[in-house]
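In the two complexes below, subunit A is the common chain; its partner is subunit B in one and subunit C in the other.
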Partner chain A sequence: MKKILSILLPILLFAGTICAITAEEILAKVDENMNAGTVKSTARMIVETRRATRTMSSVSYAKGTDTAFTEYTAPAREKGTKMLKIKDDLWLYNPSTDRVIQISGNMLKQSVMGSDLSYEDFMEEIELAEAYIATMLEDKIYDERRCYVLDLMAKTENLAYSRRVIYVDKERMVPLYQELYAKSGKKLKTMRLSKVTKIKGRWYPLQVVFKDELKSGNGTTMIIDEISFDIDIPDHYFTKAVLRK
Partner chain B sequence: MLLKLALKRIAGNGWRSVFNILILFLVLMGMLFIQGMYDGWMRTARRQKEEWEIGAGHFEHSNYDKYDSFTFKDSFAKIPDHIQELIRQNEVVPILVFSGVLYPQGRMTPISIKGIPWDQALLKIPSQMLRVKDEYPGSLPTVIGQDMARTNGLSQGDLVSMRFKDARGVFNAYDIEIVKVMATPVSSIDESQVWIDFTVLNSLVALQNSATLFILKDEATQLNLGSNWRYISQKKSLEDVLAMMKADQAGGYVVIALLLFLAMIAIFDTQILAVFKRRKEIGTLIALGMTRRQIIRLFTYEGCLYMVFGTILTAILGLPLFIHLGTKGIPLPQELSNLNVGGFSETMKSYYDPLTILFMLIMVFVLTLFASWLPAAKIARMKATQALRGKV
Partner chain C sequence: MLKFVLKGLIRDRSRSFFPVLIVTAGVLVTVFLTAFMSGYMESMVRQNARFDTGHVKIVTNAYADKISQKPYDLGFIDSESDFEQWKRDFPSIRWTPRIYFGALMDVPDEEGNTLEQGDVFGMAIDLWDPGAVQDIHLQEALVQGRIPQAPSEILISQELFSKLRLQLDSTVTLLGSTLHGAMSFQNYIISGTVSFGVHALDRGGIVTDIEDARLFLDMEGGASEYFGFLPDGIYDDGEATKIKREFNARYNSEDEFAPQMLALTDQNDLGFMLSYAGLALGLINVVFILIIAIVLWNAGLLNSIRRYGEFGLRLAMGERKGRLYKWLLVEALAVGVVGSLIGAALGIGLIQYFHVHGIDFGAFTQDTSMMVENVVYLSADTKNLILGIIPGPVATVLGAMLAGIGIFRRNTAKLFKELET
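Let's turn to the complex of A and B:
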């Protein structure tokens, strides 16, 4: 018996090692699900403040992580407002003034239409596997799903969030919860992702609740009503000319 | 003889002379009060800016634009070695400027974060309160201005979160404690600004001994910091404040002009009336051999004497008032001093520049002379016979 065990145990341990997924692989799978060549989406942003709840609808187009264009379609007050991001630059078009302004400096720190998202957050689009070194923590159950918990530390010293903690659905390889930290260790933002749906072979969360942990309120909910991946988006959507059209 | 005659005439004019002198007294008082208050305001504003913000001049990083916080992230450089020595001698104060966000009562508000050495003694900012005693304090001691405190509902002892990006673009956040709400009269170091220790800010933003501004104790005549830095003289720094005051002072000049106009009308009227009433006397004087020039001089002396008496009355009655205004000042209502306008403080003191006073006296004197000369010049042209018959 001892002999059998001494032969089987190393084999079982080796098999376990080669079957266990690494933190880097988890991140790569998350990136695979969350990022696409091009994305077109129709979404609603629900901002809850102390006084009222406001809903804003928008259509967005994105190409990779560098370029994105969003046009607000409702309510009437925000209709026609457009936002264009090209690499590190962000422009905003306001139809009431018919002017295009570049969002810069302190303005980048301001909240987007009263939400928990700042313009800076719109600029943050990265591939996690490329940007962070991941360490696996103890698995947890989150939102009734078994999750890997990864502690991500920035690989470089110039990443906006130097640390993230991310809960990844073991089965669908989609993040369900994220905590974003400041260099000091203070928790800055949390993201709760839900309504994970399979779209064209990939799992994708259709609802995200952003919460600025330093700000009061219940956070901002983003609900994606329609989304399509890897479609043809004409290049003119990512030029400044589109803002005034 | 003419002066004696003029004095006699002034005494003979009775109440009319008293009113003339009173009007001149009031005009001089009004003019000196207005000009004194403006000069006092300007001096106070200049002194306050110097004491709280600009020193005798300053160097700023060539990328720095105080009106564009977008420039802050590129507006710093290592302190040059020769400046380091001046900082130790308290001849120069370095300031590092970054932008961030404050969360008072859970709201987001953009701010400028300014780092100043806690042990500096050049500026009036209460920087001693910024000293960090523990290596890793739970919250960072900060000083804010009264305007910043009021607009954000903050007060001394409050704890509030502050978020910012360091020099590499990484988010950082700390809880700060408001250890002091400074009552500064200079809004440009108050509005949307948070002051923390210079070394602490350097370490928070991943820098070492870097600065955006150097405030100087004395004017920089020999100092050379290289092409990274630009010298801004005190005069240049004050341009905006002085331009605003000068625009406001224009209104004061209109009031002074009106006062002068009223005074001249009063003197002119008195002299016209005197000429009309005294035409027979003038005729007699001409018949007795007085020349045209002497007649004019008589009436001009009269006008000048009004001015002299008005000045004496202003000196006697006005001096105590002006001394009081210059030393004790006028207490301003809280709402006005809360406006945070340069030079507006709890009490507003006036300042009297001897040259300005002299200029005003000369101006009133010349105008009085003109108002007295004009009617006399007309009467002096008539013939003695016509004057004796009262035909002017």
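Let's turn to the complex of A and C:
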């Protein structure tokens, strides 16, 4: 018996070592699911304030992590408002004033339409594996799913959140919960991702609840009604000319 | 006796010159300081009332909880009928609605793209109400251009106007959030520039008509605050507190958007500051009395050494110690009154000058958010003058009393002996 164990144990340990997934590999798989060459989506953003609940609809186009374009389609007050992101620049267009306004500096940290998201959040389309150094923490069960828990520390100073703790669904490699921290260590926001659906071979969460931890309220819910990956999107969607069209 | 005392003081200048000089200087300083402190506090109350607090103010309970942030999203909407009712309930008060808001001002280039940007602090008043315009001395604050006469016209602080290199009648865009948090854009024409002499406002303030602000912030028929001013335009804390109690008993409730009235002294720590200022004025007078009394006590002792012979002789001639003591006090009172009158006369001159021309504190208030005028005008209130004069005679009499005790502790024989030397 001892002889069998002495032969099997090293083999089992070796097998365990080669099967264990690293934090970097988890992040790479998450990026594979969450990012695509191009994305077109139709979404609703539900914002709860002390006085009322508002729903805004939009259609968005994105190419890679550098360029994105969103046009608000409802309600009437927001209809026709457009946002364009090219690398680190963000522009807003409003039809009633016929003005293209660049958002920069402190304004990027302001709330978008009273939501729990800032302009910076809208801008931040990043590949986690490239932007953060990950450390594995103890696995947890979240929303009845077994999850890897990763502690991510930013590689560079220019990220909106210098630390993230993310819970990644072990089976579907999609983040289900995130905590976003400032450089000071203060928890700024949380994200609860749900309604994970398989779309064209990739798992993707169709509902996200953003919660600004520095604000009271129940958070902002983003619901994706339709989403398509890797489709042809004309380049003119990602030029300033599209704003006034 | 008084005539004899005065004759003695005039003829023997060494007995009166130095004490009169001290009292004159002391009274001058006290009168000036009292008028300055009083002027400073009046300025603070006036500026706060005009721009920030009113004499009384009505806000919602939720707004009152975060009042320092001026959260217009917690202000009143569709409150016009309530406002009319409040006006009927308190007809002696002059009421006016206000909205305070923050926004981003974007200056376009020729193609309508962003050229310059700056954060602005907006103050919306009823520009069609002459009383509301007068409240913030808008006409006097106008540097160039004109007060808005049409919708979508705004006034902008002269400092921001120069910083953003703007032109009169040019169009700028304000980007902000509505009461419901939606994104809000509005184009405005700059009709003029203003300088209120309050750095907190002059750094990046804009003034707009309340209807334009309601449209921009989606606050139909609303206001973030309703200001109330007492009939004679002068703040009376007792009256304001009485009105506040009456209003809150009638209208305030647990509801987060129920109206709540605040008095001026409930806001910006003004209650504490006004009490503190009263205490400080009292303290100035007490300190003055003590310092001058000590100086005069000392001077009195020195003076009396010179007069030992005189006192000895008078005692030898049968004059009682009590009468001599009384004599000294009358002398001191005469010195105090004369010194105070001269000090007060000089003080009145100084106060009148600075009451008209003021003292410019602009350089010291550049980085403060306090509602204080850059130029502080001294208060010409008679009450302050009397408050400044009183310590003069009190200090001289107190000094003489102390010096007199010192003299009369010496026995008659010793004083008489001084006659021989």
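FYI, the second predicted complex is superposed on the first by the 243 of 245 C-alpha atoms of A that agree within 3 Å, B and C clash if a C-alpha of one lies under 4 Å from a C-alpha of the other, contacts with A are read in each partner's own complex, and residues count from 1 in each chain.
The working rule: a residue touches a chain if its C-beta (ideal position, glycine included) is under 8 Å from a C-beta of that chain, and two chains touch if they have at least 3 such contacts.
None of the values given here were measured: they were computed from a predicted structure.
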Subunit A as common anchor, with subunit B and subunit C clashing or fitting: clash
First (subunit B), second (subunit C), both or neither touched by A:Gly217: first
First, second, both or neither for A:Tyr161, with subunit B first and subunit C second: first
A:Gly80 touches, of subunit B and subunit C: first, second, both or neither? neither
Contacts of A:Ile101 with subunit B and subunit C, given as first, second, both or neither: second
Partner chain in contact with A:Leu92 - subunit B first, subunit C second, else both or neither: second
Partner chain in contact with A:Lys183 - subunit B first, subunit C second, else both or neither: first
Partner chain(s) touched by A:Ser111 [first = subunit B, second = subunit C, both, neither]: both
Listed stretches 149-157, 239-247 or 347-355 of subunit C, narrowed to the one that overlaps subunit B: 347-355
Those residues of subunit A which subunit B touches in one complex and subunit C touches in the other: 104, 106-107, 111
Residues of subunit C that touch subunit A when the two form their complex: 62, 73-74, 104, 106, 108, 112-114, 117, 119, 173, 175, 177-183, 185-187, 218, 256
In the complex with subunit C, residue positions of subunit A that touch it: 47, 49-52, 54, 56, 77-78, 81, 92, 94, 96-102, 104, 106-107, 111-115, 240
Residue ranges of subunit B touching subunit A (in the complex, touch as defined): 68-72, 99-101, 103, 105-108, 110, 161, 163, 165-166, 168-175, 206
Contact set on subunit A toward subunit B in their complex: 104-107, 109-111, 118, 154, 157-162, 180, 182-184, 186, 188, 212, 214-217
